[in-house]
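Okay, so chain A shows up in both of these, paired with chain B first and chain C after.
So, the complex of A and B:
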């Protein structure tokens, strides 16, 4: 069985080294600005940090993929072009892009550069994927988390590029890359140009009984009872009162993480070329545990052994995990 | 944002520490924080505008709290009795062993938060920046501290690690 590439997250240089040492085939990361969709405070790479990190990764045979997966506002493309020029100079192995203008700039200015289509582009059918391949020479598509394994198998047979799927981490599948809920609440940018739920507008309040209320701006997202596990303070994972339901209701998504450990053989058999772990905003401890666990599982499967799957539940959002749409379209 | 709590919840469990004056602890804390800052100057860049923020580090089962101000020009870590917590901009609270495991890079902060074992209040962005700054320090900060104080400190850390990785019992809660 062909061994897929294990693509792992890094929010800091130390996390990148941890991922490389834990067995990543490729690490994805981004600059400290709006060019990447994890533009969180204190996270990401300066140019000198990325230069040293590329050298570290390449010395150990690991690729570095530069996330350039946001949408430049009209007339403000200079930041993205500069970041791309820098990435080329530093020798990154591929650019992960979503915006057609960004893709066009790379394809025309650096025709030898390798392009991966970000999940932020939300391309999920043969027609849209073929468009990016034909127009910009995209070599790999990162699929949205909305397809079943049989659908991925069929898709793989119809598109002229590699397929990458998420296997662990955030389970946010709201027309990925196009979500404007945070912008609606805060008036600030969304994933479109670099941050979701800006931390400066997040507030946690804990009452004397131990109940935890999370707020974004002026809006309450959730209130966790003292015996409930908590989730991230994102609008899409909020619990709201609606006329359609009694009591609080997860109207969009639930605080839960994707874990496809047990579907790995099916994904590999379906023709998936690369398996992606989400979590650039997570710690080195997370990176080490998750990457090493999936490294071992992928190696076991590729060698024809039964994978020993580590228990990763403690690392999942709300300490709950799902196989989401990969298993069934009726997961909720 | 400035927060001041008149009192913090008393610790449910106190390790075998006698209640002593805190002043002998202050120069040790100062030495620790200045050494770590000197050896990892890049981490201050990740704090962005929050180098002047005052972080209350509250190990909820210890009789005192710590106040960290990660200003590279005047790095400060001081101990304060729980009964008179200082003004602060953000509070990070959890059991001592959990906070130690965070500094040991042995456990994920988000996982602790999901489990409700880590409490964050106040300036969330300042806390996120501090978390990312500390997480970019290679190796273990807990080990760095132990190494500063020689074999006995290293043995103490090794013992704490063993305790931290044991299944939870009544005594460690």
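So, the complex of A and C:
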């Protein structure tokens, strides 16, 4: 069995070094601006930081993938083009892109640059993927987290590029690249600004009885009794009401993490070339733990041994985990 | 002074919700006979499971609309995953008598350069993307609703140069997200494969409110929409002067013939925006109006 590439998050230079040391085959990261979909305060790289980080990673044989996976608004494309030019100069190993204009710019300006299609492009069928391969020479697609393993196996046989799937971390419920819920509430866009449920507009309000209400912008995302652990107010993980349902309920999904550790052999068998760990916003300790555990698991599976991954559960959000869409169609 | 001919067209987007076939037939008959609409988009955009209910009626409805002087465009599915959906998309793109509005890149693959339109669920946010798609046969772009006015203005400038046309949604609930999961089925304790078409119960979307009682969103199967109704009546003049030439109404169960007339009269400057606004408000729209996205603010907001 060929060993898949382990693609790991690097939200900061320190996290990048941690992931590299823990055995990442590749790390992905972005600049400190709207050119990537994790444009959060305190995250991401300055140009000198990325330059040093690329040197560090390359010295240890790890690839650096630059996330360029937001959609430039009209009239503001210069920021993206500058970032791409810089990435080329620094020698990153691939660009992760979503926007057709961005893909076209790289494909025509730097025809030797390697392009990965971001999950933000929402290419969920062979024809879409073939379109991006044919038009822009895309070499790898990151699949939306909406397909079952058998569906991935069938798809892999029909596309002329490598396949990367998420295996662990945050489990967004909307199709990536097709969600403007955050913009509807906050005025900041996931696609245009790289922002999702921004912390600057989060409020926690505790009443006299000890109950906690979490709010994003003007809207209540959830309410917690004193005996409940409050979660971060991500719109698609909140509780809401509707006449068809008794009481407040998780209308989209519970606060839960994706963990495909037990499906790893199936995913590798399905023809997946790269396994992606989500979490550029996570701590170094988290990155170290998750990356080293998956490094060992992938190596075990590749050499025919049984992988041990039970302790990863402790790292998942709210200690709850799911195999999401990957296990069964009943998730839909 | 040259006479300026008003070339603005009013369009009716595809019905996003699951209305019974007879309701759709009656709706389009009335649109054909009475509405001040130039172009009607037909097709199931949201859920492939709903398609069989209306497939056999498209030919008749199309003919009826065309006899009423409307141009008919077919809109594709927005999410293509299953074999059935891939086949639907491929079949749609073989249509030769009508233009196709593409809502998933799979359509671009099949059309392979033939003339087509780009729907609002495609991500065309900038001039490079527009230029590329125009070079591959796109002739009209219905822009994503979250795009703010200044960006639309830039795209209009490039559209003139490229000889393509720009469409903007000006009325109705705003599409905010797509998922693979059916939230209608979930609210009823079901899954998508066994949904029993509960989405039919909510012809303008299923209300989703916050735990503190705020009106928040509207669910339509795998789609999440705004609770608010987009209303760009006060902005129509600005849109026209930037070069937007198609103005889209999203169909709801409210009186769409009346809605169309209000927008047509405002475009033709036969009525003031204020007067139009009060007429629209009198139509029992079940939610507040919003225009925040256009002004670069949170989408639920209303700038007066």
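The criterion applied here is as follows: the second predicted complex is superposed on the first by the 319 of 332 C-alpha atoms of A that agree within 3 Å, B and C clash if a C-alpha of one lies under 4 Å from a C-alpha of the other, contacts with A are read in each partner's own complex, and residues count from 1 in each chain.
We take it that contacts are C-beta pairs under 8 Å (C-beta built on N, C-alpha and C of every residue); 3 or more make two chains touch, one makes a residue touch a chain.
It should be emphasised that the depicted structure is a prediction, and the values quoted were computed from it without experimental measurement.
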{"item": "Chain B versus chain C as contact partner of A:47, first or second or both or neither", "value": "neither"}
{"item": "Which of chain B and chain C A:88 touches, first, second, both or neither", "value": "neither"}
{"item": "Which of chain B and chain C A:124 touches, first, second, both or neither", "value": "second"}
{"item": "Contacts of A:200 with chain B and chain C, given as first, second, both or neither", "value": "first"}
{"item": "Partner contacting more residues of chain A (chain B vs chain C)", "value": "C"}
{"item": "Touching partner for A:79 - first (chain B), second (chain C), both, neither", "value": "neither"}
{"item": "Touching partner for A:183 - first (chain B), second (chain C), both, neither", "value": "second"}
{"item": "Contacts of A:310 with chain B and chain C, given as first, second, both or neither", "value": "neither"}
{"item": "Which of chain B and chain C A:173 touches, first, second, both or neither", "value": "second"}
{"item": "Common ground on chain A, meaning residues reached by chain C in one complex and by chain B in the other", "value": "none"}
{"item": "Residue numbers on chain C that touch chain A, as the complex places them", "value": "78-81, 85-86, 89-90, 104-106, 108-110, 121, 123-133, 144-148, 150-152, 154-155, 158, 174, 176-183, 186-188, 191-193, 198, 201, 206-212, 214, 216-217, 219, 224, 226, 292-293, 296-301"}
{"item": "Residue numbers on chain A that touch chain B, as the complex places them", "value": "11-15, 17, 40-43, 46, 198-200, 202-206, 210, 212, 224, 226, 228-232, 281-286, 289, 314-319"}
{"item": "Residue ranges of chain B touching chain A (in the complex, touch as defined)", "value": "45-48, 105-111, 113-116, 119-121, 124-125, 127-133, 135-138"}
{"item": "Chain C-facing residues of chain A, complex", "value": "71-77, 98-102, 104-105, 121, 123-128, 130-132, 134, 144, 146-147, 151, 173-175, 177-181, 183-187, 189, 191-192, 213, 217-223, 236, 238-245, 248-249, 251-253, 325, 329-332"}
